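Take this structure first; my questions come after.
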């Protein structure tokens, strides 16, 4: 009998092995869904099971929520891709062999991300995160079109450099911990490092944090380290885009925040706040402007992910219980909303047979329900009520203004610029006279609706349990 | 709080109506009856609170954690609730006359009740989150209503501009509430009331509130979306947006400036006064020169919002200087004008809707002679037009009169800047009043009087009974509101006392129970009833006498027109030609209007052309320029999408080295 | 112990020199040779650490460093370079002089960063940390001053050499071996990607500028 | 007590009919003076009465396109103007309904009459009607603010917006020459000229001239309707004259609750001043030429500027109102 925290890692890996062996993509898809469901069940179980601090695994207020979200989105994405990917076979973009590979890789990726989340060891976390990254690299290249190859290549190079830098940072953390915790595993263990942070050498911590910021920041997609992100989203299979935006960015940010906690524990170390504020703002404003010139719908929303990651990093840079709480909330809301958007985009792409904005018009005439869902998702990510993103942005902006009024203008500016673009594209796609073909959509709309429901609920009501976890995590984040 | 539960139930009814309408097309026709029901209940509750002065509070465990959703219905929100639900009621009754097959669409009907519910929620909310939540919901639902005619690129453009401006406004309000709540995040209003913000914060909050509420109300220069968005919506929605939603904006400003922000400083008054006055005059100048019926009405909405802001500013100024009674006069003027404007503007927009419905045209120059083809609408519209021109004995003049009375109290103010501002404001108000009269004489004269200019206008027919009932009721309210100004003011007295510290003399203190008394009865009295009585008697006497002594015979003949009667109605004065003198006088200053006449060469019998060019400087500076800047910058930055991998690596390397250097220099 | 420290320090120094050699080499062949030299030095350093600190597992890392990066990959690179006919001078972005100056500045930077580290008992000497840091940065620099994919791969690998150096230096750090293996896999993928992953067929040159010709979202 | 009340009521009624009675005479005086100054015999003083009587006896011709508004407007316009005129204190200040004579309301009443007239002008749908209405409203946008500012200035000086109160104030403290008041006087004169369509703003005696304003509006009227319009414009002239009198030359006006004697004195004084004013108007009209329509803004603008300076001074000197 294995524990929940083991299940969330082992189930996917096991499923990966099995799927690699299984022929026939329909079976594969089914297994994929079942395995993801099992993982999700384990994730829920983790929510209620007691917290623990093991040698290699940790389950605390901080990561438990993200594991849950991770497994949830993994499950819904599996559902979506099960109904979606068949279409790719029909259109001949994929062959069953590749699909088998795809399913196996999908599970491996989920397992690695969960590993990164629950690892109580900076080395393990690094391994999990980088494994997930490399797998997504391969996934992005799945279609083997010139664009896909190029996107994968770009992703691969930038990610590899990021990996190396992050590893260097990890070594430095070990070096910082070693004098206090002694040689070996202890000085790579979160819980112990956390406790010993106060006595660590601030200079090494500074150095380490910078390397980790650049290394993991590459995966978070912070400008100017973002270059891989838009193309990877645009050229990869849509389910992978959903996972990338919804989960991988979150996991990377989670890792970064863990290290921020260490620095928060050592007053003598440099304050990561200003650095994160600047990088966050740069990403936010830059991405907002980049939205205007986008012609590919998936690349468009990829940039909006950069924008929101920037906002989160800004919030965590501001620090303080309220801003951190808002940042965590925004992480959760964004991953749910953005993945639902990518599901919707998948539907749209099927309905119109293209990803180019220019050829998507008048959806509300041809596909009213899809149009409504898509509109709701986009408005949700634009930070309009009744959705949860509104709550987090409300908290971020109000608390920032209350503390530093003039600083608050910048994120507001970025968000407004981005909003203009979002609304423009939304209106162009769903309104007006329809153009081009209008195919039947056979992908399941359950995941999309489910996510929207969750985000809607969060906008109206946050369960006290969740609030409690976020509170605690916010305090740790300093 | 059973009353609040009643409101809750009504809101639930609205939500249910929306849900039904979304689910089945057959349920579309249920929307308006349900909306009427809900509006009646909500209005009744608001009225009850307004009359009894009780304060209903409640809180639900939703919304922000630990704060929850606070609900509070005090006299202020109740008053605005009466305004709003009155508008909703009228619009819904009007919409009963819509044709089920032709007019009802899933793009409009499901959103109408949501819009109404959101506006009510704004008034009920007693914490920042709930307030902004419903505020934004209001914008969102109205946005969807504006873009209902989505195939028309104009309305798409309008809706885009509208929602962007709305979100800018909401962001400003976010800041306002952020400043009020403080770093600790005390978002509930009673926490905010508990501690007053220090001056620096207060200034920022006031600015933010002015931007936030001004952008929703159409305060210049945040107005440009309004004349595009309001007309783009279906007419009964335009009536709501113009007549009622702008009032929610006013409510927001009053709530923040008079309630949450604590005791005012005198200079708070300046921005609303100055902006309001500019808005009032410019709004009418736009209106006078525009040729689209609904757009003219939208511009006049801007003007009226300006007037209200002026009154509010004066109230702030007086209150800050401790002149409670003057503050009361100004505040009463503001609130009464809120009420009156909601009535006649809804009436006018519904009338415009009727015209649009009957003729399919909105351009004034395509109408004419409707007074004969749709007589009832013509009467109702006339009442509305005279009322909005602030002519006695209709309701528009009551608030106008009070406003002038409060302007008259200006010399009391100690601050030189205010002293200098107030007379200028008085002049601009007078100008606005005169322009309003000109504007609506023009509208009514071209649309309803004269001879039909097009076939549609000639073939027009009066609208269904339900729509006539709605308009008639509003027209009646405009008349009653004019005659019963004093009783209305006394109803508002407790509310006014709460927020201004003073109150008007009790309605008994005047010569008659209908006399509206500012300051004291020896000083200024306006008695609409008596004056109306005089006029009535005088005209009756005249009628009788004239019909006794004079020749009774009346002959119909062709128009005399100085001897050359013209067969074609084309030679009538059009809206544009009516505007020409005004354009020459004011347009040349405000919009650097140019007229260029191109005459055919002598002997050539071709037509001469008159070109009129106007420049909208506000649009150029406040909209075209920033928008263009954003797009240009976006284009510049876009090259960052097309760098080579090596260059991206360079960026990465640069970031690393820079951060390392920072770490190296910091100790 | 003193001797052990001196020797490892000496080897690290040699690696840094090799990095500089990488920077100023003109021809692809020479670049590859310099890299091979650096890798072999790394192998020696790791082996020395394994022996002096009695951590036999590190010998695996040493073996990988020697076998893969010291011998196999250089040979593979050499062959493909000849096959692609680009063994002549490679196009640089900045002149050698500039590159060297920047490199020196980077070394200064890493020194400046490390002096603030208060020396305490740790496996990795403070100046050795500085050396590793410098090697990593120089590798990164190498990646961006050359336009040619081979040299970029080389740059990445020398960067990674620096990492392994630091990792092995950090006494008692777990997973070092596994990580070094993982990295070798990564590098293998890298090389694989450049030359086998149909990039040659798809793009007639391996100049990266051409590799990302379309770069997404073009009209 | 009741008797007193009745007397008061009668007095009020008397004023109401008095203005009606004297209005045509005032116009007659003006015309006569103009005629004499231009070496003409001129019509008899009672010509105004004769005109109205004659018009009443004629049948009225309505254009086919005229609507009900066209027919009802004259009655309302006449009634509104009449009430407005009757509200201005003439021979006594403290009459029964003097409190109803609020300056702001007065201006608004005239505005209402004007708006109705302009609407009536547009009703038939002829080009001339349009010309008249549009110009009338344009002039109004200049004259009405000026008017409003003037009354506000006086109200500030007197500390009330009751006309009677203002009059009392100026009776009580004999008119000290104050800049703001002088300016107001000038402004009010100009406004009065503009509002009554007198030279140089408009020429009351011409037709078929593209520069006409008032006459163009009433072009389509005939018979009893025209009679009412004419009577209304006469009343308006009287109103402005007695407004000028009551504000700037209130001497002789009987105070509140003065007996019949006081009232008769006031009556004589007022009538004299009224006719004098009419005569002065005549003199003015022969001594100046009609302006082009689009020079009017400059002319009426002057009134606005005067009034604005006046009120500014009143504010900065801090009126004792409040």
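In this document, chain identifiers A, B, C and D correspond to the written order of the chains, with residue numbering beginning at 1 in each.
Simple rule for what comes next: a residue touches a chain if its C-beta (ideal position, glycine included) is under 8 Å from a C-beta of that chain, and two chains touch if they have at least 3 such contacts.
Since the structure is predicted, the reported quantities are computational estimates derived from the model, not experimental observations.
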| item | value |
| --- | --- |
| Two chains joined by the most C-beta pairs in contact, as defined above | B-D |
| For chain A paired with chain D, centre-to-centre distance based on mean C-alpha positions, whole Å | 78 |
| Inter-chain centre distance, chain C versus chain D - centres from mean C-alpha coordinates, in Å | 100 |
| Centroid spacing, where centroids are CA-atom means, of chain A and chain B in whole angstrom | 44 |
| Inter-centroid spacing, chain C versus chain B (mean Cα positions, whole Å) | 69 |
| Contacts with 2+ other chains: residues of chain C | 113, 116, 140, 143, 152, 211-212, 215-217 |
| Touching two or more other chains - residue numbers and ranges from chain A | 153-154, 157, 161, 165, 206-207, 230, 293 |
| Where chain D touches two or more other chains at once, by residue number | none |
| Full enumeration of touching chain pairs | A-B, A-C, B-C, B-D |
| In the complex with chain A, residue positions of chain C that touch it | 113-114, 116-118, 120-124, 129, 133, 136, 140, 143, 152, 156, 159-160, 162-163, 166-167, 170-175, 178-179, 182-183, 186, 189-190, 193, 197-199, 202, 211-217, 219 |
| Chain D-touching residues of chain B, taken from the complex the two chains share | 323, 326, 368-369, 371-372, 382, 386, 389-392, 397, 400-401, 404-405, 407-412, 419-420, 422-424, 426-427, 430-431, 433-435, 437-438, 440-442, 444-446, 449-451, 511, 515, 519, 521-527, 530-531, 534-536, 538-539, 542-543, 546, 549-551, 553-563, 565-566, 569, 571-573, 577-582, 584-586 |
| Interfacial residue positions of chain B with respect to chain A in the complex | 61-66, 106-107, 128-129, 132-134, 136-137, 140, 147, 150-151, 153, 156, 159-160, 163-164, 167-168, 171, 174-175, 177-179, 181-183, 185, 187, 201, 204, 630-631, 633-635, 637-638, 640-641, 643, 645, 648-649, 651-652, 654-656, 659-660, 662-663, 666 |
| Residues of chain D touching chain B in the complex | 56-65, 67-69, 75-76, 78-80, 82-83, 86, 97, 99-100, 102, 104-105, 108-109, 111-112, 114-115, 118-119, 121-131, 133-135, 137-138, 140-145, 147-149, 152, 155-156, 159-162, 165, 207-208, 219-220, 222-224, 227-228, 293-294, 297, 304, 307-308, 311-312, 314-316, 318-322 |
| Touching residues (chain side chain B, partner chain C) in the complex | 641-646, 649-650, 653, 656-657, 660-661, 663-664, 667 |
